[in-house]
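Across the two complexes that follow, subunit A remains constant while its partner is subunit B and subsequently subunit C.
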Partner chain A sequence: MEIKTINTTNISTFFNQLVQSGKIVIAPVLKKSGKIFFERVQSYNQIETDYIQTAFSAKSVVFPKVEELFSYSKTTDNFETKQSLSDIPETVVWGLRPCDSAAFNYMTRFFMDENPDIYFATRKERTTLIAISCAKSDEACFCTSVGLDPGKTKGSDIQLTLMGNEYYVEVITEKGLSAIKTSESLFTSSTEKSKEKYLAEPTTKFSIEEIKEKMQNAYDNVAWGQESMGCVGCGACAFACPTCTCFDIQDEGTGENGKRIRCWDACGFSQFTKHASGHNPKPNQTARRRQRLLHKFKYSVENIGMVSCVGCGRCIRICPAHLNIFENILNVTKA
Partner chain B sequence: MRVAKITEEAPLIQTYRLEFVDKKEADEFSFKAGQFAEYGIFGEGECTFCIASAPTREGYIECTFRNTGRVTKALADCEENDIITLRGPFGNSFPIEQWYGKNVVFVTGGIALPPLRCVINTLLDQREKFGEISVYYGAKTVNDLTYKAELDDWANRGDMKLFITVDPGGETPEWKRYIGFVPTILEQNPPESDNAIAIIAGPPILIKLGMPILSKSGFPNNRIFTTLENRMKCGVGKCGHCMVGKTYVCKDGPVFTYEEILKMPVEY
Partner chain C sequence: MKLLQNKVAELFKNGTINLMIGFKNALNKQVVPCFIENSSQAEQLIYTADCKNNLSVYLHKPEVKKIKKVGIIGNIATLRSLIQLTSENQLWDIEQTILTVNEKDEIILFKNMREVETYVQTYFPENHTEEDKKLLEYIDSLPREERWKYWMEQFSTCIKCYACRAVCPMCYCTQCTVECNQPQWIKISSETTGNLEWHIMRAMHLAGRCIECGECGRVCPVGIPIHLLTTKMNQELFKEFATRPGFSLKGEYAMNTFKPEDKEGFIK
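Presenting the complex of A and B:
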C-alpha cells in the first residue's frame, strides 16, 4: 500500500484526468428529488461531495440491473449465440463509501465461489473503486455492527479520507496505483496517519459475533411474524442493497432473434419461489423476510464465511413500511 | 437439441426425445441419473426438469413435462424436428453404485415419476446387480398416469413389484390395480427395509408425508433419498430462487437423503 496526500484543489484535477483517460467515471450526483445517485459524469463540478449515502449502491457497475448474457439468432437448421463481454468498458467508481467497497468484496466472494460467474468477473476486472471515508453518518448507518467502520479500506482500490484541507490517500491495490499513475504529480508522498478523528461515529447496534451465534436458532422464533408484518413485498430493500445478488433470467425478443438477459430479482417478491404447480415453499411475507435476513446473517456465513450485510442502511432509508433491519435482527434473536 | 419424438403421456403431459444437432456436443455430453437440465425456447425462456431417460441409453435424452406455464406451453407447441435449447446437466446424482446387491424401493406420484424413471431404467439395464425392485406410483386418475405403456412393460417383466394406484374417484370401471393415495398404499403394503434403499419423489406433499412413513418402516434416514425441484433460473447456485435455507437445490442437490432433509427448513 502507498500513502499519499492530495489537496482539495488538486482532487478535482485528478478526477477530471480520470475522465480524460477514457474510462467511464461513475460518481454521486444530486438529483432533483433531493436524492443522490451514482451516475456517469464528465467533470468534477457535476458531482455531489456532501452526502452520507447514495440512494442506490454502485453494484450495478458489476451486476447491472439488466444485463445481456448473450444474443441469439436463428440459422437455417439451428441457433447461433453471441456473447458481448468484450464491449464491457473500463469503469471507475468514485465516492463510494467503505461499506460499499466491502460489498464489492462480498460480491466477489459470492460470484467467484464454486461456479465463477464470467459476467461478474469481467466487469469486476475492469472496475476501479475509489472510496471516500465517511465523515458523517445517520441513524440508519450501522457498519460498525457488522465488522466494518467508516474508514475501512476492505474492497477499495484507493481510499480517500478528507483531513482538514487535504485528502489522505491510501492506494491499496495495483489497480489503484495504475489509476493515479498519470496524475502522480498531483499527489504528495506521506507517512501513515491516524484517520480516526476525521471519521463518523455511527452507533453500534449489536455485536456481530453474538448475532451470528444467536441466528443459529432464530429460524423458529415467533417474532418473525411481528417483524415482517409491515412488509409489502416491494423488493426495494433488495434493489437498494449493495450485497443482494439474486436475479431472474428472461428472454427479450422473438423465436427468431433476441437476447437473453438477467435482471435483479428479490426474495421478497411473492413469485420468487412459486412453483409452476402453484405451490409456494415460501408462502407468505414472513417466510420471505426471514429468508432475506437469515441469508445475510446466517446462510452467507455458513456458505462463504462472511455476513452479507455491510450496514449501509439503504434498506432502512428506502423501506416504504419503515422496516428496520437491525431492529428486526435484534427482535428475532431475543430468547 | 432437435425434438426427435413426441409421446403423449397424459392430459397436458408429453415426453420429448431430444437429439443433439451438433455431433461434437453429443459426444461431449454425459450425465448421471438424477441430474437435471434447463430446457428452453428462445424468446420464451427456460424451465427445469430432471432428465427422464437413463444415462445407460445413449444417443438421446428425454424429458417429460406438463404444459402449465409460459415456457412449458411454448415447449408443448413444438413439433417433431423443432429445435429447443438445453443447458446442463446440473446438480448431483443418485449414488447408484452404492446400491449394488440391495433392494430398491421407489415411491412417487403424478409428474414425479419421470425423474425416477431415469433411475429405474438405469437399474433395469443392469438388473442383475440389484435385489428386488419395487415401485409405488400413483396419479389422480387412470388417465393421469404417465408412461402407461412402460408401466405395463415393467409389470410384464416379472422381476419388479409394482403398486400402481389412483386417487379415490380416479379409477375407471376396468381399473384392477390399487385405489388410494400413495402414502396410504405405502403404509398398507410396507416395503421390506432390510438391505434396502428407498427413493421418493413427488409433489412436495408426497415427500413430506412419505419420508416419515419409510422411516417408520425401518429405513435408516441416510438410505431414504429424494429429489427436490424448487423453482430455478440459473442452475449454478447464483440466482437464489431454489434456496432451502442455506442449501441451493440446484448445486447442492437435487438429490438429498432424509437425513439431510431433516436438517433443512421445510422450504420445498
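Presenting the complex of A and C:
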C-alpha cells in the first residue's frame, strides 16, 4: 500500500483527468428529487460531495439491473448467438463509502467462489473503486456493528479521507496505482497517519457475535410475525442493498431473434419462491422478511463465512413502511 | 395521545377489536405503522401530523384479514381509501372499527361508513399539496413532445421494485398483470419500454379510482412523481363525469358505468 496526500484543489484535477483518460466515471449526483444517485459524470463540478449515503449502491456497475447475457438471431439456414462481454467498459466508481467497498468483496465471493460468473468477473476486472471515508453518519448507519468502520479500506482500490484541507490517500491495489499513474504529480508522498478523528461515529450499535449466535435459533421466534407486519412486499430494500445479489433470468424476443437477460429480483416479492405447481414455500410476508434477515445474518455466514450486511442503512432509509432491519434483528433475537 | 391510547385499550377490553393498526415511534424516533395486538400495547400509539402512511393498504394483507375484528386509525388518506374500498366491495370480509383524531385532538369513533363519508366531505374537500399543483401545472404547460420526453426520462430510472403498487390500497389484485407470463404482457426487465408499459397500465387501472393519497410518489425510491399521472386522469374524469373517488360511498366509477344520457352513443 502507498500513502499519499492531495489537496482539495488538485482532487478535482485528478477527477477530471480520470474522465479524460477515457474511463467511464460513476459518482454521486444530486437529482431534482433531492435524492443522490451514482451516475456517469463528465466533470468534478457535477458531483455531490456533501452526503452521508447515496440512495442506491454502486452494485449496478458489476451487477446491472438488466444485463444482456447474449443475443440470438435465426435466418433460414443459420442460427447465431452473440455475447457482448468485450463491450464492457473500464469504469471508475468515485465516492462510494467503505461499507460499499466491503460489499464488493462480498459480491466477489458470491459470484466467484463456486461457479465463477464470467459477466461479473469481467465487469469487476474493469472496475476501479475509489472510496471516500465517512465524516458523517446518521441513525440508519450501523457499519461498526457488522465488523466495518467509516475508514475501513476493505475492498477499495484507493481510499480518500478528508483531513482538514487535504485528502489522505491510501492506494491499496495495483488498480489503484494505475489509476493515479498519469496524475502522479498532483499527489505528495506521505507516511501513515491516524484517520480516526476525521471519521464519523455511528451511534446505532449491536454486538454482531451475539446476534450471529442468537440467529441460529431465531427461525421459530413468534416475533417475526409482528416485525414483518408492516412489510408491504415491494423490492425497494433488496434493490437498494449493496449485497443483495438475487436475479431472474428472462428471455425477451421472438423465435427469430431476441436476447437472454439477467434482471434484479427480490425475496420480498410474493412470486419469488412460487413453484410452477402453484405451491409457494414462502407463503406470506412473514416468511419472506425472515428469509431476508436470516440470509444476511445466518445463511451467508454458513455458506460463505461472512455476514452479508454491511450496515449502510439504505434499506432503512428507503422502506415505504419504515421497517428497520436493525430494530427487527434486535427484536427477533430477544429472549 | 393518552386519550387515543385509552380509547384503543377500551376497544380491546370490550372485545370490539383484536388488532389495531396505527402509528408509533420506532427506536430511531421515526413515525412508523404499528400493529397493536392487546390493550397493554396501546400505550405505543401516537397520532401526529407526521403520521402520513396510508394504513388501509394493510387491510388487504392475509395476516390482517385472518384476525377479522380490526381497528384502524385513519388519517385523511386512509379514510378516503376506506370509502373507495367500501364502494368497490373490498372490505366485506373484515369487521373494521375506524377511529380518527381531529385537529382539536378529539377522538372520533365512527359508527359506520356513512359517518366517515360525511366527515371526509365536510372537513377535507381539497387534497392536493401546493407542490403537486405546481409540478402538475408545469407538466401541463409543456408541449406534447416535451411532456413525452419528461415522462420517458422519469420512467427510464424506474427499477421495477413495485413499491408504488405495494403501497396502493387500490392495487388489491391477488395476481397482477405484470406477473402473468403466459402470455408475457409486460416485460420483466426494467428498461424504458417495459417501464413505460408498466406505468401506463398502472395509471389506466387506477383512472377514476385513485383517491390521490400520493403514497406511490412518496415511496418511489428513484423519485418519479408517478402519483401525478393518476391525479391528472382524475382531473380529466372529474371534468367529463363529475366523479371524485374516495368521496362518496355510491361508487360511481366513470370507467365502468353506463347511463342512457351519456354523450357517447357507441354502446347503444
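One rule holds in what follows: the second predicted complex is superposed on the first by the 329 of 335 C-alpha atoms of A that agree within 3 Å, B and C clash if a C-alpha of one lies under 4 Å from a C-alpha of the other, contacts with A are read in each partner's own complex, and residues count from 1 in each chain.
In this section, a contact is a pair of C-beta atoms (placed from the backbone, for glycine too) under 8 Å apart; a residue touches a chain by one contact, two chains touch by 3 or more.
Worth saying up front: this structure is predicted, and the values here are computed from it rather than measured.
Shared-chain residue A:196: touches no atom of subunit B or subunit C. Once the two complexes are laid over each other on the shared chain, residue contacts for A:219 go to subunit B alone; subunit C is not touched.
Of the two partner chains placed by superposition, subunit B and subunit C are both touched by A:248.
In the superposed model, A:267 lies in contact with subunit B only, and not with subunit C. By the touch criterion stated above, A:33 is placed in contact with subunit C alone, subunit B being left untouched. In the overlay built on the shared chain, the residue A:125 is in contact with neither subunit B nor subunit C. Contacts of A:240 after superposition on the shared chain: subunit C is touched, whereas subunit B is not. In the superposed model, A:210 lies in contact with neither subunit B nor subunit C.
248, 250 are the residues of subunit A that lie in the contact sets of both subunit B and subunit C, per the superposition on chain A.
Subunit A contributes residues 31-35, 37, 55-56, 65-66, 139-140, 204, 225-226, 229-230, 232-236, 238-240, 248, 250, 252, 261, 263-264, 266, 269, 271, 284-286, 316, 318, 320-324, 326-327, 330 to its touches with subunit C in the complex. Residues 72, 74, 77-79, 110-111, 114-115, 117, 219, 245-251, 253-256, 258, 260, 262, 265, 267, 272-277, 279, 281-282, 287, 291, 294-295, 298-299, 302-303 of subunit A are the ones that touch subunit B when the two sit in their complex.
Taken together, the subunit C residues at the contact with subunit A in this complex read 26-35, 37, 53, 57-58, 61-64, 159-163, 165-167, 179, 187-191, 215, 218-219, 221-223. Put simply, subunit B touches subunit A in their complex at residues 21-22, 40-47, 66, 68-69, 72, 83, 85, 203-204, 229-231, 233-234, 236-246, 251, 265-268.
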